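This structure is in structure tokens; I'll ask about it shortly.
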């Protein structure tokens, strides 16, 4: 039983990371119908920047973490301005390839500066595990889960109770109407990238102490976060979180009880199943086409 | 006379002749085995890219997992010839068949999707294949890959890069010819139509689901054939050939060189295969440069290099080369 | 009897867009009119196969086509144009029309790849026929043009040419005169008459009352998903319910 709970705990922790990344995807997708394949790189920047700021520049961990997230937000805004805005109205294929290109560029830049080594970020509150019903849970796991819950609350407040948040929601419901009502759609797009980068980088700094970080961690994390978003239903916050947790737990269970070699395949098998049976995802929205 | 020349250009015949000439004369400039290696690599990438272009450029779909089909062909050839002494041509056919069957099995359900969902589904498929190739160590040699014996045809060992150069060149010419033919036909027009408006294409009595599936299978088979040739020419295959990054590279070749243009992908394959060579000594910079080139091309030349150039030179083209 | 529907109905999530609707069409030019939301485009989408009905059957030339997909109906000679242009913008104008003839062409992949002589012949014929059609609808000026370089009025006619390339028995025209100026509308008038004279049954949805009254032999009026009148133009003009439906009040 302890073994099962251990696996469950690990799965929920990873799942929370996926959920944060998936939320990032959803925010941008909701505002603009764009899937940002570079989302994973925001995660990577968060972790790597924190390592550099803390390890090389010797900033206190808390400062390094916050600064890393801020750096990612700046990068997100730069990406939106330089790479997304020029092609905002292009075909989907073009957009997909542009964001893939952005992801490769960011990864390449980090590779040039920091090489291909693994880097470690210290855990936020040390490494002494707590014993929960027989499962060993690290303090970092609590940070992850706590952050997810804080983020969910903050997003709920933001989107439901602030003017800016409601404006973003308006854009996602009906762009034309929002524009006609005087909402600056371009600014909303910029904001969505900033917010998405924030969420991604947050995931990055939270997970770096657990899984180590490297110039190319963004690829798999981004893809899995995207998988989580699709599984739960692209475009809804609850879907992103549900998808993330479901993916994390399924992955952990599969690795623990079926085969650890195929752990990475779980996300993609689940994607295929969801896409082929219910493309809208478990909780997602459907968009129709008018003739 | 001018109209007939123009017609020849439009039908791609001129381009094909130029390609044959270029391929025939190229060896004069290849100084050593290494140069041949690169030329072969370019040729194989071009073969895959021309096939992939049928799906992406003409039919308007997308596949972020095509490297998987290339790898299936490569591994089929490698395993069957190395372990089971299957004759090489049979192994190549087997690889093509396997890739074709996989593509056929997933084509209809996957191609019902579009846009991001299709991208993700093909990506998922590609990654699953790549993971399987990595993990099934007993079958595939795992991450270390598998060595491929020298190709023997009628008892004669086909050694040396020169022979492979000609085999690959011939394959490229054939695939380009097939592609030009296809695009000139009613089926080809139908593909381009369904890329623009699937609904109107159906209203024009086109069975779009079946056409998409067939072109998906065709492009998969072409990739597998290239993979088989690669296995023998290179002598070695690893699971990296199936990876997501390889799939992205292939899509980039198509998109950058020019979608909806048979020669565009050839150009794209050439440029992108040469890129690492130009950066010898600066391997770390490859990804960064590749990414910048990719983004810039999509922003400034969204239709790719060849169509954008063509637009400058001839303002009213008809059937695309 | 070219077309017959039996209690054809469509609801979207509990809202009835079309109440069970039965009618038959023998030929000639029939117009379907009605205020917005009356169910006209829904009817067209049901007939051409874009929507699956919530109930009822459709018979086309005696055959029950209710469960047939769009392409199959097109293969049997039913063609349509679209309210929101569905032109193949990546192709030239003439190629658009050539695609329209697809139901007569051989579409095997292998022959196409190998450039068999039959394929080449098909293309040659298709091009000649397309050229002929473009001239017929008055698009001579655009024979060498790209679809994305043509003005709106020409594109509307291009869509019709594309539909005609299939030599349809039944042509569904969805607002052919929408967005056209009076002289362009006159051309459409002439064109539709010529098409009907050629033996093709025409069913059109249209808001331009002058055009409708001028060319239709029969007018069906829909309002809120059900028919409220069905007859020749003269009888519709004076029909009180029709007037009420459009103006929302009793006729003066």
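Each chain carries a letter (A, B and C) given by its place in the written order, and its residues are counted from 1.
Definition applied: a contact is a pair of C-beta atoms (placed from the backbone, for glycine too) under 8 Å apart; a residue touches a chain by one contact, two chains touch by 3 or more.
Nothing here was measured: the structure is a model prediction, and the numbers come from that model.
The chain with its C-alpha centre at the largest distance from the centre of chain C is A.
A comparison of C-alpha centroids places B closest to the centre of the full protein.
Centre to centre, using the average C-alpha position, chain A and chain C are separated by 48 Å. Chain B and chain C, compared by their mean Cα positions, are separated by 41 Å. Taking each chain's centre as the average of its CA atoms, chain A and chain B sit 32 Å apart. Taken residue by residue, chain B touches two or more other chains at 199, whereas all remaining positions touch fewer.
Multi-chain contact residues, meaning those touching two or more other chains, occur in chain C at positions 50, 82, 86.
Residue positions of chain A with contacts to 2 or more other chains are 291.
Those residues of chain C lying in contact with chain B across their complex are 48-50, 69-71, 74-75, 79-80, 82, 86-92, 94-96, 98-100, 102-103, 105-109, 111-115, 119-120, 122-123, 126, 144-146, 162-163, 166.
Taken in their complex, chain B has these residues touching chain C: 178, 181-182, 184-190, 192-193, 195-197, 199-208, 211, 214-215, 218, 260, 316-319.
Listed in rising order, the residues of chain B touching chain A in the complex are 56, 60, 62, 64, 109-110, 113-117, 119-121, 123-125, 127-128, 131-132, 135, 199, 244-245, 248, 251-252, 255, 284-292, 294-295, 298-299, 302. Touching chain B in their complex are the following residues of chain A: 35, 83, 86-87, 90, 92-94, 96-98, 100-109, 111-112, 115, 219, 223, 226-227, 230, 234, 261-262, 264-265, 268-269, 271-272, 275-276, 279, 291.
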